[in-house]
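Presented below are the structures under discussion, each in the form of structure tokens.
There are two complexes below, and they share chain A, which is joined by chain B in the first and by chain C in the second.
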Partner chain A sequence: MRNLLHDMNPSVKFGVVTVSMLAVAFFFNPWTPLLFWVSVLALQIALSRINWKIWLLFMLPFTLGAFGYLWTTVIFSAETGGTVIWSFAGLDVTDAQWTTALSLSFRVMAFSTLSLMFAFTTDPVKFIMSLMQQLKLSPKLAYGIMVGYQFLPVMKDEFIQIQQAHRLRGADTEKHWWQRLFSMRRVIIPMLAGAVRKAERSAFAMEARGFTGEARTAFYRPVQVGRTDFLLAGVFMLLLVGSCVGGVILSAP
Partner chain B sequence: MRVRESVFTLESVSFRFPDDSEKTLDNISFSIFRGERVVISGPSGCGKSTLLYLLNRLYPVNCDGMVSGNIFIFSKPAELYAPGEINHRIATVFQDPDSQFCMPTVEEELAFTLENLHVPFAGMETRMVEILELTGLADLRHANIQSLSGGMKQRVATACALIMKPEVLLLDEPISHLDPFTAKEFISWLDELQRQFDLTIVVVEHRLDAWETFFQREISMDGNGEIIADQDFSARRPILFPERVSAMSGETAISVTDLSVKLKEKMLLNSFSFKAKRGEIVAIAGPNGSGKSTLAKALCGIHKKSSGRIQSDGIGYVPQSPEYLFLTQSVKDELAFSGLASREELTELMERLGMDGIKEAHPFSVSHGQKRRVAIGAMLADKRPVLLMDEPTSGQDEAALYELFDLIDGRARDGSTVFIITHDMEFAASIADSVLLIKDGQLTGKFAARDVWQNEQLLAEHHLLPPKGVAKLAESFA
Partner chain C sequence: MLKSWKLKEIVLMSLFGVVFGIVYLLFIHLGNIWAGVIGPIAYEWMFGIWFIVSIISMYIIRKPGAALLPESMAAVIEVMLGNAVGPRLILSGIIQGLGAEAAFAATRYKHFNLFVLMLAGIGAAVFSFIYGYFVSGYAALDPSFVALMFTLRVLSGAIIAGVGGKYIADALLATGSLRGYAISRTDKGDARA
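Moving on, here comes the complex of A and B:
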């Protein structure tokens, strides 16, 4: 059970997430994003095995953002009319303002939770492979991304080496962040020069092994779309439709 | 006698890159026959890699280069092959172990090759198992490639080439990033595979002594991209460096007591104590991952030490890629960066290091040997007379090694203390006064150089090969 979201076909998952986001974006009541947010959370608790500590850490900035939306919309939004429900220090908060504010912040929460669900339950390599097999992404692009992905740890290593060397020369003593940001170019330029060389070598190595970029006829690890994928997609769609309909009913005057 | 079947035939081939005015290859003619083991040798930058890329059809398409003359591959003009077609029969292994792979695991990397060849799904498994058995890599099937050592990566790259069932294997300086011990293992492994598969092998290489008697034929090129000789291969003697007299003085330049480095509860260096004198050249050697670089970085202050004491006149560090140190737009500014040396001192330093001609050049645009000079110059200008050099011998050709020898010898004569991290025991034997042997984060000891070279057991314990010149000397005494 708890593997279901992890084993779900990445392309199908990607499609479902995209459709859900687009759909929820068209509802301006606060209930739809709230309902959808809660149901995505429930789904994630039931069907995945993720490290909730790290998840909370990633949610922190989004939650702050959501609160920021709430706050600014309540305080600074244009006069929209409606009944005043709360007065404080000369500020009048109307029910219309309050509804918009809640709608916006729940939307932030719903979207970020949905994105994190995708990120936390999807293996990037499998995602690329699936994009190539199900959504016909060109192999040239797919393997290009794969090479870049393999380079990340090497680049990180190089970055640390260069920084250490620069510190040795006493170049890392700028006090302010903008000065440090500006001096980053000294690290970035040698790294980019190295990356271009590496990229060319990788391209040669791939070509020398018969890679021409044309579509493949057989895959060693076929990424399939099975019954459970349709089932899970169905569950998502049900929750989506349920949240939309429920939201409209609950917010009806 | 059987008529020998030609694999490659080149008839007065010349090659020029679109941006260059001079030809990279000039009037090259030769034939390579089935089952031959050929080496193409020559100094760095002589065009031998370019020649290899013409043989596997990566050039001229990928660089818009201009080719004249005729290239026949399996007796068919090269330009008649469709893109990718010839790469099924001619496989290539490249020099950099870090940029030959696009997938995370060994298995997936092999599968990438099979998918390129449109091998049907049913046939993939057998072919993969077969090649993993033959290459002795069966245990590594699910291993993450990035976590493997350089030597293992090169074996994986070779396995990926052999899984195509090629008739020809091209290797572009395959051992230049490996230490001599690993390189020797790789070569004997390759030797066995060649016999099993009856491959034609063409290798581009600038250091031939490590290959011993592997090859049958040698095509040598000069710096102008011309062939100067095409003859039977004869095993090379290692490079002979000039005799040098130690420049060691009586004064202690650096004294280390009980130096330990701990990282997250892991002991990287455990209680190192040693001393070195002014003018002394010390080789630091030991297996990969034993803590050589950590020691260098701890000495110059990049890594924090956990305990112990380092007393010295100031310690500088030259990384394997010297350009990592560079911060400015010209060689002159690079030396003056710290502002610790006076104008007169800088002028004198540049003269001593032979950098007068490149004063105004951008430090990234000079040659690798010159970059190293600039890096050393910068360290000396920062008043760091104890120099630590991280793997300066790796991937260097003969001329570069001579230049390095002179550079290091010269610094020792000026009174600097030089530590060299190296696997190259021939180089160490020719230049070092003493040797620091390190294993698993422990200091085995600091030895006088001449005591180490004959002690084969001690060297083998540290994954080192005895320097060949010394081994021969020992034999003649016996």
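Moving on, here comes the complex of A and C:
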């Protein structure tokens, strides 16, 4: 049971997540995103094995962002009608504003939870393989992305190396974060130059080993779509429709 | 569309996607913390950062698709790295890429001067704003506030993505590592060894 979400076909999962997000974006009542958020969370607790400590760490900045949404929407809401529920520092907050503000904040929370569900239960390599096999992504692009992905640790080493080289030559160390932001150029140009050279070398190596980038039908590691994928997609859609309908009913005056 | 592409150009876009994917994620987190204080407008002035890979790649490779593909690839890599914005990043990446691509297509992929690059930044800003208007529910906000957000985003697209992108690509050209790409061939300047 607890590996169902991990084993779900990445392309199907990707489709489900995208459709859910686009659908929830149509609703401006607070209940729909709240219901959907809670149900996705419940599903994730039941059907996956993830490290919830790391999950919380990832959620933290988005919770802050949701809070920002809450108060900006209260102040800059398009709707100013409705009855005033409370006043604060000369600012009247009406129930209509409060409802939209809550809705947009819950939306941020629901979207982040849904995204983290995808991120925590999907193997990146399998995701690309599935995009190539199920969604007919061109192998040239798919393997191009894979090359980039596999270079990540190398890039990290290179980043440290460039920093060390700067320090070795006695480049100024920045005290403030904005100085560090502007000195990003010193790091990013060598990084990109390195990327260009790596791209050339690896493309040459791939072609030398007979990679043509032609579309193919047989794969070394096939990624399949099975019955459980349809079942899980069905469960998600049910939750989505349930949240939408439930939200509209609950928010009806 | 991919037939005329060399593999090294595709891998180049992907590696740029990795470098900028990390930069993009960094700024998403920065923006989120910032947004906790001043709300969604926090992202607007720095939105151009998220369009920059389109402009740099197109300026270097100069082929149809060189704006759309790297932005989408960067988005896929961001998703592979794992983050809380998630798969819809791919959608926004495609939309931003299309916006930049539209500007280059409108000039028939013939001119790559600063003006066109800034136009591409603006194109990406406009496209992404229309998408954001829908997904983030800007419709619920005060129209004048939305207008301010839009103006900031367009300016950011033109300046950070357009001017900044050209600046980075030119600096990269000066390192001499871009021999073998369209940017070195069509550049009037002397041979850069």
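We adopt the following convention: the second predicted complex is superposed on the first by the 245 of 253 C-alpha atoms of A that agree within 3 Å, B and C clash if a C-alpha of one lies under 4 Å from a C-alpha of the other, contacts with A are read in each partner's own complex, and residues count from 1 in each chain.
Operating definition for what follows: a contact is a pair of C-beta atoms (placed from the backbone, for glycine too) under 8 Å apart; a residue touches a chain by one contact, two chains touch by 3 or more.
Quick caveat: nothing in here was measured; it's all calculated off a predicted structure.
Check chain A with both chain B and chain C modelled on it and let me know: fit or clash.
Aligned through their shared chain, the two binders fit side by side on chain A.
For the overlaid complexes, name the partner, chain B or chain C, with more touching residues on chain A.
Counting contacted residues of chain A, the larger count belongs to C.
Look at A:Pro153 in the shared chain and tell me whether it touches chain B only, chain C only, both, or neither; answer first, second, both or neither.
A:Pro153: touches chain B, not chain C.
Now for A:Phe204: first (chain B), second (chain C), both, or neither, which partner does it touch?
Once the two structures are laid over each other on A, A:Phe204 reaches both partners.
According to the stated criteria, A:Arg216 is in contact with first (chain B), second (chain C), both, or neither; which is it?
After superposing on A, A:Arg216 lies in contact with chain B but is clear of chain C.
Touching A:Thr228 in the superposition: chain B (first), chain C (second), both, neither?
neither
So in the superposed three-chain picture, is A:Arg186 touching just chain B, just chain C, both, or none of them (first/second/both/neither)?
A:Arg186 contacts chain B only, not chain C.
Quick one: classify A:Ser251 as touching chain B (first), chain C (second), both or neither.
In the superposition, A:Ser251 touches no partner, neither chain B nor chain C.
Is A:Ala165 touching anything from chain B or chain C once the two structures are fitted on A? First, second, both or neither.
first
Measuring by CA atoms in the overlay, how small does the chain B-chain C distance get, in Å?
Nearest C-alpha atoms of the two chains are 6 Å apart.
Return the residues of chain A at which the contacts from chain B and from chain C coincide.
Touching chain B and chain C on chain A: residues 147, 151, 190, 193, 198-199, 202-204, 206-207, 211.
Any idea which chain A residues touch chain C in the complex?
Checking each residue of chain A against chain C gives 14, 17-18, 21-22, 25, 28, 58-59, 61-62, 64-65, 67-69, 71-73, 76-79, 100, 103-104, 107, 111-112, 114-116, 118-120, 124, 127-128, 131, 138, 140-141, 144-145, 147-149, 151-152, 155, 184-185, 188-193, 195-200, 202-204, 206-207, 211, 213.
Flag every residue of chain B that touches chain A in the complex, lowest number first.
53, 56, 58, 62, 83-84, 87-88, 91-92, 94, 96, 98-104, 108, 111-121, 124, 145-146, 157, 160-161, 164, 297, 300-302, 316-317, 319, 321, 323-327, 337-338, 364, 378, 382
Across the complex, what residues on chain A touch chain B?
That would be residues 125, 143, 146-147, 150-151, 153-154, 161-162, 164-171, 186, 190, 193-194, 198-199, 201-212, 216-222 of chain A.
If we count contacts the way the header does, which residues on chain C are in touch with chain A in the complex?
Those in contact with chain A are residues 2, 5-8, 10-19, 22-23, 29, 31-33, 35-42, 69, 73, 76-77, 79-88, 90-91, 134-137, 139-143, 145, 168, 171-172, 175, 177-178, 180.
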